[in-house]
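One chain, chain A, links the two complexes that follow: it is found with chain B in the first and with chain C in the second.
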Partner chain A sequence: MAEEIKKQRPAPDPNSAKYKLNMIAKKAYDDAFAAKERGELVGWCSSNFPVEIPETLGLYVCYPENQAAGIAARGGGERMCSIAEGQGYSNDICAYARVSLAYASGAPAEEQPMPLPDYVLCCNNICNCMIKWYENLSRELHIPMIMIDIPFNPDYDVPDAEVTYIKNQFLDAIKQLEEITGKKWSWDRYREVMEISGRTSRAWLEATATAKYVPSPFNGFDLLNHMAVMVTARGKLEAAEAMETLLREYKENHEKGVSTYRGEEKHRIMFEGIACWPWLRVTAHGLRDRGINMVTTIYADAFGFIYKDFDDMCRVYAKVPNAINLEYARDKRIKLCNDNHVEGLLVHTNRSCKLWSGFMYEMSRQIGEECDIPVVSFDGDQADPRNFSEAQYDTRVQGLTEIMQSRKEAQNAG
Partner chain B sequence: MLDEILKKFEEAACHPELLKERYLSEGKQIVLVAPVYTPEEIVHSMGLVPMGAWGGDLQLQESKRYFPAFICSIVQSIVELGMKGAYEGVSALIVPSLCDSLKVLGENWKYAVPSIPFIPMTYPQNRKPEYALDYTLHGYERVISDLQKATGKVFSEKLLRVSLQIYNEHNELMRETVKELAAHPEISAQKRSWIFKSATFLRKEEHSALLRQFLEELRKQEAGKRKLRIVTTGILADAPSLLKILDENGLQIVADDIAAESRQYKTDCEIGNDGLVSLAKKYAARDNCSVLYDPYKRRVEALVETAKAVEADGVLMVLTKFCDPEEFDYPLIRNACNAAGLPIVEVEVDRQMENYEQAATIIESFKEMMESK
Partner chain C sequence: MSCYVMGIDIGSTTSKGVVLKDGSEIVSTYLIHAGTGTKGPATVKEELLKSSGLKEDDIAYTVVTGYGRKTYAEADAQLSELSCHAKGAHYLFPEARTVIDIGGQDAKVMKLDGEGRMTAFLMNDKCAAGTGRFLEVMAAILQLDVSQLEEEAAKAGEALKISSTCTVFAESEVISQLSNGADIPALVKGICKSVASRVGALAKRIGIEEKVCMSGGVANNGGVRDALAEELGKEIGYSPLAQLTGALGAAIYAYERATKERKDG
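Then we have the complex of A and B:
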């Protein structure tokens, strides 16, 4: 009988960015559990809610979207979605929401547990679906909901009236949270958090921008893991330090001519959409096996929150990817494609995300034309594994590879 | 006489294209108003004709170039109609930002139907605080400015106040009509639907005139035999095949919480010195709707209370496929109805739906549930 040989993974280097970033993400859950244990209030927070508010107030918050992604990536997506469907939720509803509502109703999720909330912090700059999801959490758990409405901006620039509306809501949210938690807002502490958030963001933007080098010093799938810290912890000092470590590593990789992307980087693409978490390995391998590196994604741009003061922060939160019109969203992506020498665009038509996918056909056509790159899409889902076909993904990625290859050959010949 | 008036509702409801031609031939300019709560009073006050754009029951072809399949068919069919030239001659389309599919509609419309300008109406969801009024006003100012550009018409505060009054009167007549219809089981669900649907296409003063005549005649008529009384809830419930099933099963709609129907007419405008501020306050006062932020989900209890108040035998949820806002509310509504001992069923509908066999089966069971209570 053949003896099974398991590859020994080397122990992670505690000084590496990967280790530090993983620890920050893990610590956030641990801290929230510990806080709950001590009797402190814990909140659930939507991903683009201004982290500066809970961070300044010293609150313990967890992020249901990150939890749902973690559960889905570890194989629990279908189980949790089915539980929510059993409660009457349509399988057309965002799978993150289904996972989260199932968890809130008491369904266990060993893949990524987190404490139940005492209040919820909702911001709809990512989608209006978020409002519905958090309303249901608030009602079912009998807990208060704090809502910051950042409307979808149909124009290229953010109007002053919108900034004023957002600012007033921020101030209201702070007041509500002071009342709920008994903690006090400090403008000095806010300025510190703002500085740290800026430091973290600058390091992230610079690190992701090293994809301009050919070959890229990193595998773009790294960004999907690291962005969790950008979402949840960018106001924390340890996050700034970890991102600066990441930047240093990427710079060193470039200098040494190495990369976290294993193998020869034959083609460089931009990946559009939320990761297909239940099929992360399959989607990553489908690219790697063909020598494709996903060098950039809108996340590279999306989580760089750099602003100079409170008003400017309000404006920045109105410019996150799902809150902006087609033209602004398109131009951001065109810049990423051009800066990072992208040769093809792979679009995840994500059944969970109506807003992200809803005008993607037209936007990706325009990006393809402007950048003169092929565009291919596949159907999938951020957390429900049933909405993905491995065969379709494989065929589409193969098609994209062949177009990129033939263009390269024509260029070399010409 | 009653039949003649109903015929007029039917003509307007079923042939908006003829109405469009009529208005255009009279030299009027038409502005399409997409759902929900589009400030059509502003359009009306500028001497323009606001016509509802809720899409249509048709197969989607051209619009598939713009939308993935999982976007609601109301939105997709608006673009389909636009691409096929059904809206030729209209001056603009106004789309509010109240759900994700509506946000997407505007972005795609710009490229799919470039001949008809898209005018966004961005509403605040946190609409109750005083500061939200300013933001609503900013949205109205944008609409006015775009309308002026698209049509050459000028906005006047004075005329807006006149329009607000016309809309208030129409609201009241619609509410009266709903109440009166509840006392007349002989008026079918299909006929009831024509009254609502025609209201989205006809100018409000014309519709009000018809409603007055209708009410006068209906009040003279002896009420028909009692039927099973139901309350409908959802976004849209105007599919003739669905209404036919309700009528065949002897179900009478005695009240509704449908976005395209009564939700439009339940909030009046308190007209003050400043018409735009008054209109903004009307928006802020709106409640109990799936596309409006509702922190305590009062819609759920409001629906149960309505059903009890009208002595309904059951609640029918008409769920527009891929409508997130309604899909999130459904389990809560179902649980609340169950707790109140109100039979409830859900029927999923779609603008492209041709086969209603499943809907018929569900409604037959619903009827049995109500009869056995």
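Then we have the complex of A and C:
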């Protein structure tokens, strides 16, 4: 019998952005475990909570959304969701929440372990399901919950009264964290973190903007992986350096005419929504096999936080994608489509995210009209694999490809 | 010299085929109630060759479409059923701008431009409500054949209301109506309206542009056609070739590709 020969992958280049970014993401979990072992308190934090606060205080925090995405991408989503459903949670609830609540109840997840929390940091600018999810964590684990309420923004600007409302909550959160953890807030350290966060964000935004080149110097699926560092570690110096490496690599790729996208880039699309993590390979290959590069996503814009002081930071957190009105959110996407020469929009109707998917029906229609591009949606889920059908995805993507192809042929025919 | 091409549409419950001569003349058609994963596709090819009197080598190009398109190795190219239904519908109804296709397990609405090119489409979500499968399930409970639904619906006065949310919910509703002694024709009419309501919402979402036509197997059911016309307030174009629309579109694409290949040498 022939022995199975495993293809040897080349050792990753330790100077590459990919390696550095993966290490930062891994180190965050390692550091949190080490802190826990030393007896330090560890927090769980929602993705759009101001990371500057725990970073300035020198706290170790983990991100349940990233953990759930990691578990789902490595095949554990259905198992964890089923455990949560067995505990009484409805399968209509966000699958990240189900995975996280199952993990918090003691269900093991070798796919992405992380230490259990001693406190939770919740901010509802990402969604309101987050509040109940974190309240349950707090109640089940008998730990404090710090809650920041950021109102949904019906305008393009953030009024001063709202900035004051948010700022007072941020200051109160700092005070509560000082009391819970015994760590002290330093405005000097905050300014350092702010500088670093700005540096990381600028590099990220500039790197993702290189998709304006045709062909794009990167495969858009890269962004889905790299954004983990933007969510969790943008206030860390090593994150700023890694993002600057990423930017340098993308610029070099453009100059050399190469790309991390393998194959010929025949069509360019924007992908809308959270990745369908349980089916990442299938969804990525469904595009790549047809020469489609997903050149941009709202993530490119979402996690670049540029601000000049504490008040401005409050304003920025009130303008994150899920906290803003349809028109403002639409305009951001239209800009991305125009800047990056997008030819089609693929929308993930994510069963987990009612907020995001709910307003996409109308928003994607408006984007399609404004940018004159075809819009196609598919059903799926960010962590529950049961909400996706490969055949349905394939037909929709093929239909999108055929429309884009036929439009090009018509244009070429004059 | 004439150019013969073949279009094959392998669906979830049926396989269909069309042989086309010189891009416009339908030489033969075949339909079998055996879809992907069965001998249906091979039978279609065999029967098409037999009835047209052609040999395999006479076929210049074959395009396959439908749910089973990716597993059929004997075609020169595969295309989505979306493009093929749009193409076939444009052949049958050149003035059609909205095509509603209800097949065995999905429903789709396509928008066409004046040249018959698909410019946009919407498909049903994962639920089977509003598809041919929904009608099959309902017919089975009523101990009717799907082909009898049209006749039954025509006998009804007022339709009984049946949910369009979910096939399983609707099945329970029909059973409960039956046990209450409901009038069968009224129930069948309600079932047709349920499909029309579900698919009509899809059509309204994409924006209906006249003329509207139907393709796919469910188009053969006059009960659903009438209910859909009422739901949309529009006349619905229908051809007896409705179920063959996808295969016909595939054959037209096959002809376009065959002639392009000839031109390109």
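Just so we're on the same page, the second predicted complex is superposed on the first by the 409 of 414 C-alpha atoms of A that agree within 3 Å, B and C clash if a C-alpha of one lies under 4 Å from a C-alpha of the other, contacts with A are read in each partner's own complex, and residues count from 1 in each chain.
Methods note: a residue touches a chain if its C-beta (ideal position, glycine included) is under 8 Å from a C-beta of that chain, and two chains touch if they have at least 3 such contacts.
Keep in mind it's a predicted model, so treat the numbers as computed, not measured.
Novice: With the two complexes superposed on chain A, say which partner A:Q392 touches: chain B (first), chain C (second), both, or neither.
Specialist: Second partner only.
Novice: For A:L326, select first, second, both or neither according to whether it touches chain B, chain C, the two together, or no partner.
Specialist: In the superposition, A:L326 contacts chain B only.
Novice: Pick one for A:T349: touches chain B only (first), chain C only (second), both, or neither.
Specialist: both
Novice: Is A:P374 touching anything from chain B or chain C once the two structures are fitted on A? First, second, both or neither.
Specialist: A:P374 contacts chain C only, not chain B.
Novice: For A:P154, is the partner it touches chain B (first), chain C (second), both, or none of the two (neither)?
Specialist: After superposition on chain A, A:P154 lies in contact with chain B alone.
Novice: Please name the chain, chain B or chain C, that touches the greater number of residues in chain A.
Specialist: B
Novice: Using the superposition on chain A described above, determine whether A:E402 touches chain B (first), chain C (second), both, or neither.
Specialist: second
Novice: May I ask you to decide whether A:Y361 touches chain B, chain C, both, or neither, giving the answer as first, second, both or neither?
Specialist: In the superposition, A:Y361 contacts both chain B and chain C.
Novice: Which partner does A:A413 reach: the first (chain B), the second (chain C), both, or neither?
Specialist: neither
Novice: Who does A:I93 touch here: chain B (first), chain C (second), both, or neither?
Specialist: So A:I93 only meets chain B here.
Novice: Find the residues of chain A that appear in the contact set with chain B and again in the contact set with chain C.
Specialist: Touching chain B and chain C on chain A: residues 349, 361.
Novice: How about chain C: which of its residues touch chain A in the complex?
Specialist: Residues in contact with chain A: 67, 70, 79-83, 106, 115, 117-123, 125-126, 205.
Novice: Residue numbers of chain A touching chain C in their complex, please.
Specialist: Spelled out, the residues of chain A in touch with chain C are 349, 361, 368, 374-377, 379, 387, 389, 391-392, 394-396, 398-399, 402-403, 406-407, 410.
Novice: Which stretch or stretches of chain B touch chain A in the complex?
Specialist: 65-68, 70-71, 97-101, 103-104, 106-108, 110-112, 120, 122-126, 129, 131-132, 134-135, 138, 290-291, 293-297, 319, 321-322, 324-325, 327-332, 334-335
Novice: Under the definition above, what is the set of chain A residues touching chain B in their complex?
Specialist: 87-90, 92-94, 97, 124, 127-129, 131-133, 135-136, 138-140, 145, 147-149, 151-154, 159, 161-162, 164-165, 168-169, 172, 325-326, 349, 351, 354-355, 357-362
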